[in-house]
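Next come two complexes, and both contain chain A; in the first it sits with chain B, in the second with chain C.
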Partner chain A sequence: MTGSPLMIEARAVEKWYPNGFHALRGADLTVHQGEVVVIMGPSGSGKSTFIRTFNALEDFQKGSITVDGIALSNDVRHIDAIRREVGMVFQQFNLFPHLTVLENLTLAPVLVRKRPKAEVERQALELLERVGIHEQARKYPGQLSGGQQQRVAIARSLCMEPRIMLFDEPTSALDPELVHEVLEVMQELAEGGMTMVVVTHEVRFARQVASRVVLMAEGQVVEQAPPEQFFTNPQHERSRQFLRQIG
Partner chain B sequence: MVPIPQPDSAWRRVRRQLFASRLDGLITVVLLVLLLSAALGIGHWALSQAQWAVIQVNSTLFTLGRYPLEQQWRLWLLTALLAGASGLSWGLLRAEPRAGVNARPWPRNDRIAVLLLLALALLLPAALQLTALIHLRWLALAVLLVLARWAAGRWGPLRGRWRPLVGLLWPVLYLLGMVLIGGGLGLSPVPPGEWGGLLLTLLSASFAMLLCFPLGVLLALGRRSALPLLRWGSVLYIEFIRGAPLITLLFLGQNILGFLLPGGLAPDRVWRAAWVLTFFSAAYVAEAVRAGLVALPPGQLEAARSLGLAMPQALVHVVIPQALRVALPAMVGQFIILLQDTTLLSLIGLLDLLGIARTVMANPAFLGRNAEVYLVLALLFWCCCAALGLGSRALETRLNTSHTPAKA
Partner chain C sequence: MRSSLKRAGAAVLGVLLSLVLGLALMPGAPASQPWVVATDPTYAPFEMVRAGDGALEGFDVELIRAVASSQGRSVRFVTLPFDGLIPALRAGRVDMAISAMTITAQRAESVDFSRPYFPAGLGVVVQRDGPSIASLDALAGRRVAVQIGSTGALAVGRIRGAQVSSYDSAPLALQALLNGQVEAYVNDLPATLYAIRQRKLDTLRISSQPLTFDYYGIAFPQGSALRDPVNRGLTSLINDGRLAALHRRWFGRDPAPLPAVAPQLEGRSRAVGLDPLLLLRNLSRGALVTLALTFSAFVLGSVLAALLTLALMAGAPWQRQSARAVINGLRGTPLLVQLFLIYFGLPALCQSLGMPLRLPPFVAAVAALSCNHSAYMAETLRAGIASIDKGQWQAADALGLRRWPRLRHVVLPQALQRVLPPLGNEFITLIKDTSLAAVIGFDELFRQGQLVVATTYRAFEVYAAVGLMYLLLTAVAARVLRLLEWRLTRWEV
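The block that comes next holds the complex of A and B.
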């Protein structure tokens, strides 16, 4: 993977929350184009905080982050430029409940990319078909199941044609029987060559889809390795402890 | 085992709900007797003792104040335009299918409303003993409204291209109405001092409602802003206004605006009062909207921002629409209070509905007719507030997109 261009480069990132909690303590990560990086780790280890710094939903106090060649700084223009290229899928879906499914998808491309509405709608319907919910395009999010909502959220991000997709525990709020339909969509996306950073507890997904598994603990990246090696022969004591805990 | 509930006959329902036990029966009987005697008393008073001449003779005064007689055609024209626009909007709303529910062009409520409207247009002028000409005009207005409602329901959905213009209808009509009432554009001016009665009440209330709404939204956003100056300014404003009684602010407005601005610039007394009402209500609307903003999960803004929407876009398209939906009931409550608060204008010497009523009651010819006047006043206000309440509930149902299971 070293041959393909660098998409995310985070160096020694430190973050304190306003209440003084030291969430990130020198976290490092590089992600190359086409890679699928799965971040695992115990709760409170800073996984979510870390990927939320990649599109400036969280600020950080020390270190540097470069996304798609743009250095993350407090410059608003840089932040907006990065957010256009980075899609984000949340644990709680965060669909806009006052808009139909189709409007959820078309809102940003029309407003931000200034693309013609008819063209965006055509693309949106294609995307909805890809994630298997095009019949529901005129419904409101409140009328869909959790799994359907999360697939709409993925399609909504894709409609902006991002170069990177971030997933923040995308299946944690779902009923168990709905998890696989979301993971399937994510797997297809990965096979299509999308650069992805995924925070998840889904070991099977990590084994089958990840190009690299990263273990975080206490605000640091403790170990990173290809999935086969990580799950069968973890090098770090912290990793072994974590794998024992998740059984 | 629990017996399977049987479909109740009306008689059984009455028995179960009103006479379940001896005590229940006693309470029911006592309340019925009280209610009946009150109704009989009012009916007896209204039909045999009350002298409605005070209303009949002064009906124009109550509605328009001292608006010049030869210019009243302008208000008739405005009423006709309003009737047409109401019918149009009503019909279009019904024709538009909402989330998951098919459009029903003539639901039962609407048929009842039309019948009531026509009955009112027939009976009210008769009760007020107005001339046949005015009688005819009211009937024509009601028919116009119903026709516009029917036409819009029938052909409205077909004219997709004109849809965006419908939203402009009301603002344009409002500005046009201001011109028709106050003069300008070739119409001879009628100074605000000559507006009165229901006209002044509705005008000042609607003016304040329209302007306090955007102001309140801005204040609510300001109160949650990250910029300290904006935040503290908003907090200071809201808390100051909410800490002062409206009547003191009205007096303050009458005096202070006169001191602050040179003579020509200070708006007329009526406008000063309308502005004070606006600023007053804005603080309360701001608090209602703030409650809506607080209720919004932070993930909504995060999702909008991570899709690349700039802050103003995220606010306009994602945050504010949802916050307003939550704030709607509280906001309409504030609007209803605002409408009733316009009666305070009479205390600063303006001739709103209550002001007119007080001048009428001061007339020796109508001495002792207070009960008739106040009853009509109360009914008028009740009608306006009921309309606001009904409108807001209809809007809530229409905006409710959550958990309406799709009908197959």
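The block that comes next holds the complex of A and C.
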């Protein structure tokens, strides 16, 4: 995997929130093309904050982040360029409730990428079919179940044709019986070669899909290893402690 | 719970009703009681409020006190707007009114008059370089100020083509003339001369000799028993020269001789009755103006509110603080004060700076209403935008939407849907607030009602009709807003 191009390179990232909380304390991570990196760790360890720095939803004060060769800085053009390459799926779906499912998908490609509406709609319907929601294209998000909404959110990100997908606890807000339908879509995406960074507590998904599991604690990356090794033979005391808690 | 509330409400209503009835049915004042005399103290030198202690003074005030003491009585004054005097007499709320009221046949249909106590006449006041006006008919096509309900208003109202602005008081009408908002002011000559001299309004002049010969009288409810004692008192003051002395003191010369009966009452003409069709036509015209005012103020107010919101939410610190200060200023002062400040104050200020500014009432009213309401709308908009979940902003960011598309396509549609009910309330409040524009002589719905009352003296019927008209406007607005709300929320499940 190290032979393929570097997609994300985060070095010694430090972040303080305005209230003074030191959320990231020198976090490092590299992600190569086609990798599926699963980030685990106790709550408050900075997982979400960390991946949100990759597309500039959170700023940081020290260190450096390079995404697909573009260095993240305060330059608006850099931020725009990176957001075009990076899709994100949120815990709370964050679909636009006043737009139909189809309009949720087509809004950004038409506004940001300036693509013709008809073409985007065709692509959007294909994507909806891929995630199994094409029959609901004209409905509003509020009329769908949580699992359906999250699949729409994934399709919405894909419609921008990103090279990297970030998932911020995509199944944590779902009823247990709806989790698998979202994970299935993510697995298909991974098998298609998408570069993915996933913050999740789903051990099964991590075991089956991840190329690497990363454990974060107190704003740092503590351990990273292939899933088999991580789950059966963790090297770090914090990892063992975490696995005991979720086991 | 409900029924006990109802019972409590009924009890309160009962108490109120009996209070109102009790007041209305109170028997006439016993002999030892002072006369209750109504006056509008905005008409120097006849009746005015003395600077300093706020006591009433003036020619009329001294005269009625002298008349009362000649009859062994005292006087208690009640101040009312001029156009409220006759309705108050008709309602029996006061014993008499002395307020430089010209004796006319039309008024005599609604009230009884004493014998004439003052010779007056209509005069036209213009700016020093204004037009020369030798007769009332020469006012056709001109912008003319009058005091609502006055003889001047009646006379000018009969001139076809005059653009009349009616003001609540003589000082406001004179201010409008000074500001250049009207070309001429028609009112009783003595008071106007006194005002011009007293306030050193050197830029104004009397355009011609008196246009009419009229007399002032004291007005009573019809059939009042007090008319005879007052007439006896007046006659004795005329005969022993005290009235002439009073006249000399206030006007510097002897009065012209007074007839025993005003010529206007010899061979009376029919007074104006309340014509329902005419009333409906006038009120409808007023309602259209009210609607135009409301829509203009709402549209302009929305634009101002959007700018204020933008400054509040996305501006630099100094912009945020300025917007906050503007909002606090607009919300912390009465709309009426803002209206006066813009309509009377601004042109006066510009005049004194040598930059004449003519501000039509419509422009002034729209400016004041839209500024005032923009402050409230900005707060509502800000709250609406702030209520949109952070996840919505972040999802838009993650999709690469820039500031404006993010606001336009993601945040605003949701925020507007949320603030529609409070904005609708704002609109309905605005409909009612436009009635304040009446005070700057603007003929909207309420002022149309006042004008009808000024000639027919049927205060209850007319103001009830005006109220119904407002109710109709607000009910229709509420209904339209409901439909709009329903359309905007079709996505909510």
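By definition in this document, the second predicted complex is superposed on the first by the 247 of 247 C-alpha atoms of A that agree within 3 Å, B and C clash if a C-alpha of one lies under 4 Å from a C-alpha of the other, contacts with A are read in each partner's own complex, and residues count from 1 in each chain.
What we mean here is this: a contact is a pair of C-beta atoms (placed from the backbone, for glycine too) under 8 Å apart; a residue touches a chain by one contact, two chains touch by 3 or more.
What you see is a predicted model, and the numbers here were worked out from it, not measured in a lab.
Trainee: With chain A superposed, do chain B and chain C clash or fit?
Mentor: Pair status: clash.
Trainee: Let me test your reading of the model: by the given contact rule, A:L57 touches which partner, first (chain B), second (chain C), both or neither?
Mentor: Both chain B and chain C are touched by A:L57.
Trainee: For A:V112, using the defined touch cut-off, is the partner it touches chain B, chain C, both, or neither? Pick first, second, both or neither.
Mentor: Both partners, chain B and chain C.
Trainee: Hey, which part of chain B ends up inside chain C in the overlay, 79-87, 187-195 or 223-231?
Mentor: 223-231
Trainee: Which chain A residues are contacted by chain C in one complex and by chain B in the other?
Mentor: In chain A, residues 55, 57, 80, 83-84, 86-88, 90, 92, 94-98, 107-108, 111-112, 140, 142-143, 156-157, 160 are touched by chain B and also by chain C.
Trainee: Would you pull the chain A residues touching chain B in the complex into a rising list?
Mentor: Against chain B, the touching part of chain A is residues 55, 57, 80, 83-84, 86-88, 90, 92, 94-98, 107-108, 111-113, 139-140, 142-143, 153, 156-157, 160.
Trainee: Using the touch definition from the top, list the residues of chain A that touch chain C in their complex.
Mentor: Those in contact with chain C are residues 55-57, 80, 83-84, 86-88, 90, 92, 94-100, 107-108, 111-112, 140, 142-143, 156-157, 160.
Trainee: Going by the contact rule set out above, which residues of chain B touch chain A in the complex?
Mentor: Listed in rising order, the residues are 99-100, 297, 299-300, 302-310, 313, 317-318, 321-322, 325, 399, 401-406.
Trainee: In their shared complex, at which residues does chain C touch chain A?
Mentor: For this pair, the touching residues of chain C are 389, 391-392, 394-402, 405, 409-410, 413-414, 417, 491-493.
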